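Okay, handing you the structure first.
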Amino acid sequence: MEDTNEMKMEFDSYSSNESFARVAVAAFCTRLNPTLEELSDLKTAISEAITNCIIHAYDNQIRKIQIICRIKGQEVEVNIIDHGKGMEDVAKAMEPLYTTRPDLDRSGMGFAFMEAFMDEVQVESTPGEGTCVCMRKKLGCFTHPYA
Amino acid sequence: MEDTNEMKMEFDSYSSNESFARVAVAAFCTRLNPTLEELSDLKTAISEAITNCIIHAYDNQIRKIQIICRIKGQEVEVNIIDHGKGMEDVAKAMEPLYTTRPDLDRSGMGFAFMEAFMDEVQVESTPGEGTCVCMRKKLGCFTHPYA
Amino acid sequence: MGELFQKRGTVLTIRLPKEVDHHHTEAIRCEADRYIEQEHIREIVFDFMDTGFMDSSGIGMIMGRYRNLGMIGGRVSAIHVNERIYKILYLSGVYKVIDITKKREWSNRDEKKGEYGDGRYE
Amino acid sequence: MGELFQKRGTVLTIRLPKEVDHHHTEAIRCEADRYIEQEHIREIVFDFMDTGFMDSSGIGMIMGRYRNLGMIGGRVSAIHVNERIYKILYLSGVYKVIDITKKREWSNRDEKKGEYGDGRYE
């Protein structure tokens, strides 16, 4: 089977598209034969990054969210990109429990979950220009006892 | 709930992406509350158009396929676009049982299925430039007795 | 792939995958033709037990095998066919040339519906 | 939404949707707070019976209700929690402040696994 495979998508930042985005990326990765647990991990991480675009980057205004997804060998790389308000201090934003929107009941656990559920998370952000969250995870390469 | 919603995606023309494309479009339409039968109809029509890009437009070479999907009210519009070899005579290509690849066991039923399963199918094609198949279907607006 | 093909005498049963699309039919076409040529198959039974999705690539696969067997006087049938798959077989006209046996779960519901009522029950 | 909220005395049970994400928690947050304010709720039970997916928006929703109830001395619990949801509650630290009761299907498997073994069985 082919060794690399790429997919891009762009969609409106409606909260109803959160589940669409999770399912689409998961479907794209099916051919890696991920375990159910790996798929749940991937979906949770994507859900966190997409929700952040909607709430934080775009303040609930309807703009575009982009996903670029690459499969190389057994690894998937997912880039989630917005052109929203960006972050001044990425390191601080990534601290567990840190949130700028406690008023919206945000837990500040979004980045912590991305890091817990993916192998690697990199964030690039420019205030006023936008943010790219790049996450990587190896899928389906271990025989997993519970999935 | 919002009244229009748009999604674009682009991916490599690997046959393993056929099921990804079906699932992604179906997931995008979930919020219209489609019946199971409507979802199957939609997935079949999309599968036909994507397969045509892979086999006919690109002769199994790996190039890009684009999907543009819009929801307006209860209707979904799906555009499936390739930049492949195009068709001289669209009307003839759309005749049931007509196929240029009987050697690959094509049935010539692709367009017939798209027309059977969607409310509307329009095809624009330019030889040497590519093809856009535009399909529309109302979803979830009737209470369906079996789904 | 191996375990999806079962040969008994001159009858080959092919247990089809969940999704019978272009991607999945490619390998099945080749393997089925190898059996027809090398193992003197006269009849093919397509088993749709696991199948929930099929598009026209599936129709092409079935008709191609029908043609290949037809030349040597063989026959083709489909078993464990659910409502969706039946719709596809029906619309394509394939139901006219192959024997179709419905999936049990579906047969009751189907009586009420009275549509596509041509297949045998099993 | 109505039928997902059940009030018995001062206990409010909220049957959560299949996917507890940002999209689905928005409406639940508002409705729950309306109950807390207007209907003298002292305890909230989150019922995860139908839930297979949750992200940190769910954690925010639970912690927010915990805070709102905490101010009036109430409590929060989670029932019918499956393995996945438990993992999320565990990682977030929420398991320390709310009572968690596992889903029956999971409790057997869990004994073998011996991980996240803090919740009560039901």
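Order as written gives the chain letters A, B, C and D; numbering starts at 1 within each chain.
Basically, contacts are C-beta pairs under 8 Å (C-beta built on N, C-alpha and C of every residue); 3 or more make two chains touch, one makes a residue touch a chain.
Source: prediction; values computed, not measured.
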> Which other chains touch chain A while also touching chain C?
Replying inline: B
> Relative to chain C, which chain has the most distant C-alpha mean position?
Replying inline: D
> Between chain C and chain D, what is the gap in Å from one C-alpha centre to the other?
Replying inline: 47
> When the centre of a chain is set as the mean of its C-alpha atoms, what distance in Å lies between chain A and chain B?
Replying inline: 27
> What whole-Å value do you get for the distance between chain B and chain C if each is reduced to the mean of its CA atoms?
Replying inline: 24
> For chain B and chain D, what's the span in angstrom between their mean Cα positions?
Replying inline: 41
>> If I count partner chains per residue in chain A, which residues reach a count of at least 2?
In response: 16, 19
> Hey, what residues on chain C touch two or more of the other chains?
Replying inline: none
>> So which chains actually touch one another? I want all the pairs, not just one.
In response: A-B, A-D, B-C
> In the complex of these two chains, what residues of chain B are touching chain A?
Replying inline: 1-2, 5-12, 14, 16-17, 19-20, 23-24, 27-28, 30-31, 62
>> Help me check something: in the complex, which residues belonging to chain A touch chain D?
In response: 15-16, 18-19, 22, 37, 40, 43-44, 47-48, 51, 54-55, 104-107, 109-110, 112-113, 116, 146
> So in the complex, which bits of chain C are touching chain B?
Replying inline: 19, 21-23, 25-26, 29, 53-57, 59-61, 63-64, 83-84, 88, 91-92, 109, 113
